[in-house]
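Sharing a structure, written as structure tokens. Questions coming.
Chains: A, B, C and D, in written order; residue numbering restarts at 1 for each.
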Amino acid sequence: MQAGPCLCHFPGNALAPPAALSPADLGGGGSSPASGGPVDRALLEDLAAASRFLSLQGVVDAFGHVSMRHPDAPDRFFMSRALAPALVGADDIQEFDLNCLTCQGDQRASFLERFIHGEIYRARADVMSVVHSHSPSVIPFGLVETPMRAMFHNAAFLAAGVPVFDIAETFGATDMLVGNCEKGKALVGVLADRPVVMMRAHGSVAVGPDLQSAVFRAVYTEVNARIQHQATAYGGPIAALSPEEGQLADKVNFKAGHRAWDLWRKTAGQ
Amino acid sequence: MQAGPCLCHFPGNALAPPAALSPADLGGGGSSPASGGPVDRALLEDLAAASRFLSLQGVVDAFGHVSMRHPDAPDRFFMSRALAPALVGADDIQEFDLNCLTCQGDQRASFLERFIHGEIYRARADVMSVVHSHSPSVIPFGLVETPMRAMFHNAAFLAAGVPVFDIAETFGATDMLVGNCEKGKALVGVLADRPVVMMRAHGSVAVGPDLQSAVFRAVYTEVNARIQHQATAYGGPIAALSPEEGQLADKVNFKAGHRAWDLWRKTAGQ
Amino acid sequence: MQAGPCLCHFPGNALAPPAALSPADLGGGGSSPASGGPVDRALLEDLAAASRFLSLQGVVDAFGHVSMRHPDAPDRFFMSRALAPALVGADDIQEFDLNCLTCQGDQRASFLERFIHGEIYRARADVMSVVHSHSPSVIPFGLVETPMRAMFHNAAFLAAGVPVFDIAETFGATDMLVGNCEKGKALVGVLADRPVVMMRAHGSVAVGPDLQSAVFRAVYTEVNARIQHQATAYGGPIAALSPEEGQLADKVNFKAGHRAWDLWRKTAGQ
Amino acid sequence: MQAGPCLCHFPGNALAPPAALSPADLGGGGSSPASGGPVDRALLEDLAAASRFLSLQGVVDAFGHVSMRHPDAPDRFFMSRALAPALVGADDIQEFDLNCLTCQGDQRASFLERFIHGEIYRARADVMSVVHSHSPSVIPFGLVETPMRAMFHNAAFLAAGVPVFDIAETFGATDMLVGNCEKGKALVGVLADRPVVMMRAHGSVAVGPDLQSAVFRAVYTEVNARIQHQATAYGGPIAALSPEEGQLADKVNFKAGHRAWDLWRKTAGQ
């Protein structure tokens, strides 16, 4: 995987408004990275469907994004152009390198926070998909001192611990966005080898070994948050999953997640 | 009813992926139990509709299952193959014996936790239907020390007490699933003669003397949970149903449950 | 208005299953009271629409009912036969006298709790419509010691105070239902001249000077409950409406309620 | 901008029922102010769509309203006639002067609380759009001593502080409505230069430099309220946005709000 210098401030790749491009432009701008190669369109349709499903589920609203590593090129990933998740179709998917430059001269506006994705793919060879969301139920766990714990077996992946990334610790007062490689690297430092990280006063990130697992984790992080809010109201101890139970239960989730995906994929439509 | 040795680890009945079967295979594998006999297809359509309704109602999500004892063969029961509840149709129903082996060589993948159902049918002659779900509102009552109580007359069946089954007490750290007969028997030991049992860090089970009652109890266990969460927030005593009030009110529910079912059956569609 | 002895135990009017009736039966059974006279069918359609709207709004679920006093005969009222509120159409409306006997020999099954309605119409000449519901948000206020208060101007009618009727105080352990005239009278004694009463471990009743107002009050009792739950969580004083503010604001609601009704009537469909 | 005496009690402009008007009447009543000039119909369609979207989102219910300053005449603004927000179309929009008199003799009934809008436009040259709503999640922050704070970057505009307007402080016991210019001016005095103000036992107001921003702020005030309710339940400190973070993050919202609007405008339909 590419580990060169971060090029995220490269001027030609700034958040540009969609513009009419000549066919020559689309063929590949000089400094725009090359594609990792063609992929089955069904993959892009699955990625777009994940975006729409997460919107239907309330995990994302007008904001949030889901990405997928290129199956043949570990230093490339796919993510929608800057667009509300409910509106994403396969044609809206852009390809990026790990510096979050769009490939092949694609000049459509990209998400400001694509660096969350690029830096996770750079650092975590096990991760094939990333979801970033601002679920209202989850955000409290980035604001309070009580950590999120695993309330039930479908959220077993949380039993590994859910750290909180406070962007202010490294960068002081900011616009709260992970808008360049440095901020992405700082986030990855807190995520470490875990599946989920909270972002203070912002949202959260869930990662997985495939698209289906990342979506599953984003969904059940949200469900788990609601359960923990209600269990907490009783004021006593909470018999959450132990780390060992979490490990054992999560193995089952990996298989079961695909059963959920079968439903969710249908729900999202074409 | 059959009380022989548990055969749930019989290799030919493992959680197998759906496979192309020859007509001969479908005719009945050597050791696959025989059917309890044909049933009116409307029964299977009702069972499938119950699955879809529970999904629409939010009692189940991509997971959870509802079963029905065979009306003519008390040692057989019906339940969907492993499939998201919203997608279940009558053709997805499998028949099981009480060891949770599929009848007549049906090799489609079954739910891992069918043993919840089989062991309840084995132990409780009064039970004709079982619902297992992971409702986010209900799960807290398997995690905290405060027991669920009956907040109103539609949830009167809860006034008998709602015990909590902690799988770790008998089996230590597990994947939390009731995936064999032994675990099913342990769950039944805690359920005893009651209509509902919580499962720590997992979900709950509701049983009833017919499909309509089991669905009614699953629905109102969820509603009751939400009421108790809010009543608890006031910090004082809660004037829940007394056990005697619960017994009297539940007799009315049994009739009224069929009025609800008329609505729910329509809601679930064909 | 009729003030004679309660006839609710009259055997011919018991909760009977729908049965095939001969035309002669329908013409009027010997002891079945006469109708208060024909009414505009649009009134019955409005009443049925109110039932469906309250279901869409989540104020009622498979249970609950709304009634309307006969506009020309103060000792008669209209209410749906025993049916889930979402399914009610104008043809499902029955006419009752104040003893809750169906008029003109209508032998379709009636709601067990029609006595809530009959006794309120008997005692409160100002009431033209009654809603009985089991909203999960409202039920806590029948269970805890904290009274419901008016959280905002649309719920101003609550500033008059919201008493709690505990059926056990007079009748001991029961099935919790207001299933005869005596229980209805006891409920009315607690309601007194107010617009809303809580029923312990059961639900609530809202009344109004017309159908639109009763529906408005049922809706905003539910909304007010949700607001009070959340305001209470902050642990300090709550600057609810004063009784004087409540009186002033409720005058506006009476007009504004008709604006809401225009929307709700459309929402409910034909 | 006009700063003359308040004419809100002008009798010809009272809340009148819709009436059949002769063509001469519609041409402009003697004392009814003139229009600020024709505007692109797409603007009015956007304003009507904002009304419908806020209803779909649950920010408004049968009540609430959104307005827009006339783009060419700063002393005129547009707002729906008195109508449930879900039903508003472009033809329902009325034009007002800053005294909240309808222009060109439009005698359709107007919202009682149009003075919220008129007085904000009079005092705040930076404001081009105003939303008034009664979201159940937001109302608690007008009732309790805990102020609303900015829980995440999308609600960064709240980091400037969210004051509470208690109409009783100046006007004693009222019907709680901002039903004339004096009450509007008192509200504006508390709002000052901020984007959002709570109204005790009533609702809230959000303003913005364009329609899209005002809608964005109304939506995320509601979302922020839900987050703060849940974060508060943990009982410890809440790491909300600092004022500086709020300023930085809100600059991004202004751009991103238009991405949300693209989705919301589609959601609202024509």
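As a convention for this text, a contact is a pair of C-beta atoms (placed from the backbone, for glycine too) under 8 Å apart; a residue touches a chain by one contact, two chains touch by 3 or more.
Fair warning: this is a prediction, and the values are worked out from it, not measured in the lab.
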Graph distance between subunit A and subunit D, where chains that touch are linked: 1
Same vs different contact residues, subunit B with subunit C, by half of numbers used: different
Chain of greatest Cα-centre distance to subunit B: D
Separation of subunit B from subunit D, taking each centre as the mean of its C-alpha atoms, in whole Å: 50
Subunit C and subunit D, separation of their C-alpha mean positions in angstrom: 35
In subunit D, residues with contacts to at least two other chains: 233
Category of the chain touch graph - line, ring, star, complete, other: ring
Which pairs of chains touch, using the document's own definition: A-B, A-D, B-C, C-D
Subunit C to subunit D touching residues, read off their complex: 150-154, 156, 223, 226-227, 230-231, 233-234, 236-242, 244-245, 248-249, 251-252, 256, 259-260, 262-264, 266
Parts of subunit D lying in touch with subunit C, wherever the complex brings them together: 61-63, 82-84, 86-87, 112, 134, 136-137, 139-140, 142-146, 166, 168, 173-177, 200-203, 229, 232-233
